[in-house]
Amino acid sequence: MKTHRLFVWLVLVTVLALVVAACAAPAAPQAPASGGAEEAAAPEGGESGEVLELNIYNWSTYIAPETIPRFEERYGVKVNYDIFDSNEELLAKLQGGNPGYDLIVPSDYMVEIMINLGMLEELDHENIPNIANLDPTFQNPRYDPGLKYCVPYQWGTMGIGYNIEATGGEIDSWWSFWDEKYAGRIAWLDDPRAVMGVALLLLGYDINTTDPDQINEAKELLLEQKPLVAAFAPDTGQILLDEGEVDLTMEWSGDIFQVMEENPAIRYSIPKEGSIVWTDNMCIPKGAPHKELAEKFINYILEPEVGAELSNYIRYATPNAAALPLINEEDRNNPGIYPPPEVMERLQFVVDVGEATVLYDDAWTEIKSAQ
Amino acid sequence: MALEATTVERPLATQPPPAAGTRGAAARWLLGLNALLVYTFLYAPILILVILSFNASRNVSVWRGFTLDWYRSLLAGAGTLGLYGDTGTVAQDTAELARNFQASGIVLALRNSLIVSFSATAISTVFGTMIALALHRYRFRFKGTFQTLLALPVVIPDITMGISLLVFFSLLFRLLENLLGLRMALGFATIIIGHVAFNVSYVAIVVRARLAGMDRTLEEAAQDLGANEWQTFRRVTLPLIMPGVLGGALLAFTLSLDDFVITFFTAGVGSSTLPLFVYGMIRFTVTPAINAVSTLMLLASMVLVLLSLAIQRRG
Amino acid sequence: MHESLSRRRGHRAQFWFLFTPGAFWLGFFFLLPLLIVLVYSFFTRGPYGNVIYRWTADNYARLLNPIYFQIFWQSLWMAVTTTVISLLVGYPLAYYIARQRQPWRNVLLLLVIIPFWTNFLVRTYAIMVLFRTEGVVNAVLQGLGVIQEPLQIMYTPFAVTFGLVYGYLPFMVLPLYASIEKFDFSLIEAAQDLGANGWRSFLRVMLPLTLPGIVAGCILVFIPAIGAFVTPDLLGGAKTMMIGNLTQQQFLKARNWPFGSAVSISLMVIVSIAAWIYFRYGEEEML
């Protein structure tokens, strides 16, 4: 009787001890040994001989190959680069507490949400003098006035990717998505706010409206169009277009440019009714172990050469005015990547709508469930 | 279960019974045809996947000519094994540099994936088999409830389990830090813990199916002949349940290797696995490099199978 | 159980030895986190998507909307189709494998699972290459002159069912194999000697004895298939919402953890009640 109880306790204690030991291990580098050096965050990695580590959490393949090795060399540090695949997952992950990241790269609306939830560290602009290199358009964004918490990394637009051989002409309106001619040849991006935003634009409303009637009207408009839809693509619209599975797709600019390089029939347009513009931003999450080093990294990215190299590789637009002259001429003169001012005026940011999120969510569930 | 009494344990390798006339032959022919069709069904997409790993396009799904570049870059990436470590390879042009750079990330992620799946499979196979044995051999209070609980990890949506583990770990870590001053973080250990938590159920269910209807006469006979518990298990029970254990382990390994959601929420700094890397690519382009790495894994597993076949035939 | 007292005591220790580690793991790393979800399902969504600690049953009340019944029904239907097809295809395959001589038996079994050691996403992309308008299947059919115009296969229920059966087949075959492999085939001969025909002896002898494997396989296919959504999204075009999408959408896009928790808990309660009734009153030996 007693022996088996004892045994059970033994097992429980052993398993617990093992788990504790195993979990504690990865945190070790941040713990006491290097504690002092961290605070100092000296450029050369502190005198303790311990190599400082910068933990970056970014999108996959969203950086130039040379960017990180050069930073590591210059500051004598080591960089860990982990990957997330959507803003929402990034948020959910960090809501459980910062697992040790120093730098994250959320999009505009997510920056706003994170600020509101108190998840971001304020930036010390003294450590980031290169902030002056930014284009004035990006110095004072709606989601973070005065860039207190974030610095724009890359930006781009959302528009229509289409196959000109199939459409027989240029597409310049979102209404094409309601054209019976393309029945079964249309893909939306599987993103409630983006798709609802287009419907709201077409109805002449603000894409960030919180008015239930306007949201309802947008829903009706999309329900009407649903029979024509081939797919709601999870950011794979450019592939469907390239494969010839659809003729029209709603997609982010850079995705379409990637397939345009290989498929001459593909075009990208920002519809005349307007569209969505986005930025991705470098932020420091609360609880970052190496805040100063992260600020150094932000400053480094803002150097003209580094910023240009980055954008030349990943083919999105740079918010860095000083880097612009170093951008490939081909990209710099591409109105799809750097739209002319009159197009810029028609672009809007999606911002968080707070309580109204539930309204959008209900509408979206109804649209997706409609037969 | 009246028929149970008639079930007798038999040696594992039974010879097929003699042909039972033309109907039996027709049935066997149909079975063979079904097997052939199923294997074709299973391997047709795999063949496409392998072909696409030689695709010269950056985009995984449209064929634009033959290339070995994805493999070449994977090898270069494997040479560095450290995400952005010393890429002192001979990168001539930017395109090649870019591919190598991406490949080193893939190789690191693959290494992480293998660490996680092998550990999770080992732990969950042992614990799952033990639970199945306990359920098979003993009646106890709340057995029905416990069996229901055992099915829950199969039911729970991935995202719910991922988020619940995330919240749980952060609460646990905060508690331990305040109480004992222990600093802990998400990482390999937490990923493995999460994987074991759902894999145990899969293993237990498969092993239990194998155990069902088995009686304990052989085991009791062994013990009457003086074998101790461990010897009985090692020599009698384990060989009997091996197909179930093997099946459970294979399922666990497969689930673990390909899991994205639960891994994402339990991963920490420096522990991104291959599925995390691949899903992260969706926003831009999933390149044929992933096909190449999948093909190499296929190749490696095929070689292992052939090797074990050769060993078994000789033995 | 007619053991002597000392032997029984030994058994008791053995039971705890076998039972404790796994049960502890499940209790600590599955049930405890699940309790958090249960508690969340009674809380409220804050304006920024945070969880506010204010009790409410609204999340469950919201589920009474017929639209969620429809979503549940669709997911259930999809899971049933997948399970039935997997069983019809998987049973003969498991049977075939179990009848082979030894080294081949293991090889054939491994060959069932090896395709799944490739990455899920590129595997699904490969299925899309097979099915799309300019894809392999259409090219072959057109080449053979079976069809003139390409068929629309992508974004149809067929493509979704194909993808799901493809993905879950090993979950059916492995437990079936484990169960069939131990079946004593001389029983079939005995039944046939007694005058039963092949089909009858299968139904009356083999099926009941391999039922545990069938049940296990169906559990491992049916239950995860209810929550499946990535395959339906990629191959079906995400035009219908499934339970899986709904939970995903609530936890991520809508940032409504309480409602997402309520959806998950409801799903688990429904499935558990069915499972519990089965374990309570069903065949003791059948899991």
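Chains here go by letter, A, B and C, matching the order in which they are written, and residues are numbered from 1 within each.
Throughout what follows, a residue touches a chain if its C-beta (ideal position, glycine included) is under 8 Å from a C-beta of that chain, and two chains touch if they have at least 3 such contacts.
If you're wondering where the values come from, they're calculated on a predicted model, not measured in any experiment.
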item: Label of the chain whose CA centroid is most distant from the centroid of chain B; value: A
item: Chain pair with the higher count of C-beta pairs in contact (B-C, A-C); value: B-C
item: Inter-chain centre distance, chain A versus chain C - centres from mean C-alpha coordinates, in Å; value: 34
item: Distance from chain C to chain B - Cα centre to Cα centre, in angstrom; value: 16
item: Chain C: positions in contact with at least two other chains; value: 17, 21, 25, 125, 128, 251-252
item: Multi-partner residues of chain A (at least 2 other chains); value: 86, 89, 92, 234, 236, 239, 243
item: Contacts with two or more other chains, residues of chain B listed in rising order; value: 60-61, 163, 167, 193, 279, 282
item: Touching residues on chain C, where the partner in the complex is chain A; value: 9, 12-13, 16-17, 20-21, 24-25, 45, 47-50, 67, 70-71, 125, 128, 132-134, 152, 154-155, 233-234, 237-241, 245-246, 249-256
item: Partner chain C, residues of chain A touching it in the complex; value: 1, 3-4, 7-8, 11-12, 15, 86, 88-89, 91-92, 95, 113, 116-117, 184, 187, 190-192, 226, 229-234, 236, 239, 243-245, 352, 354-355, 357-358, 360-361, 364-366, 368-369, 371
item: Residues of chain A that touch chain B when the two form their complex; value: 19-20, 22-27, 30-31, 55, 59-62, 65-66, 68-69, 72, 79-86, 89, 92-93, 96-97, 99-101, 234-236, 238-239, 242-243, 252, 254-255, 258-259, 261-263, 313-314
item: Complex interface listing, chain C residues touching chain B; value: 11, 14-15, 17-19, 21-23, 25-26, 29-34, 36-37, 89, 92-93, 95-97, 99, 101-103, 106-123, 125-130, 136, 166, 169-171, 174-175, 177-179, 181-182, 184-189, 192, 198, 205, 208-209, 212-213, 215-217, 219-220, 223-224, 226-227, 243-244, 247-248, 251-252, 257, 260-261, 264, 267-268, 271-272, 275-276, 279-280, 283, 285-287
item: Chain A contact footprint on chain B (complex, rising order); value: 57-62, 64, 83-84, 87, 94, 97-98, 100-102, 105, 163, 166-167, 169-170, 173-174, 176, 182-190, 192-193, 264-265, 267-272, 276-277, 279-285
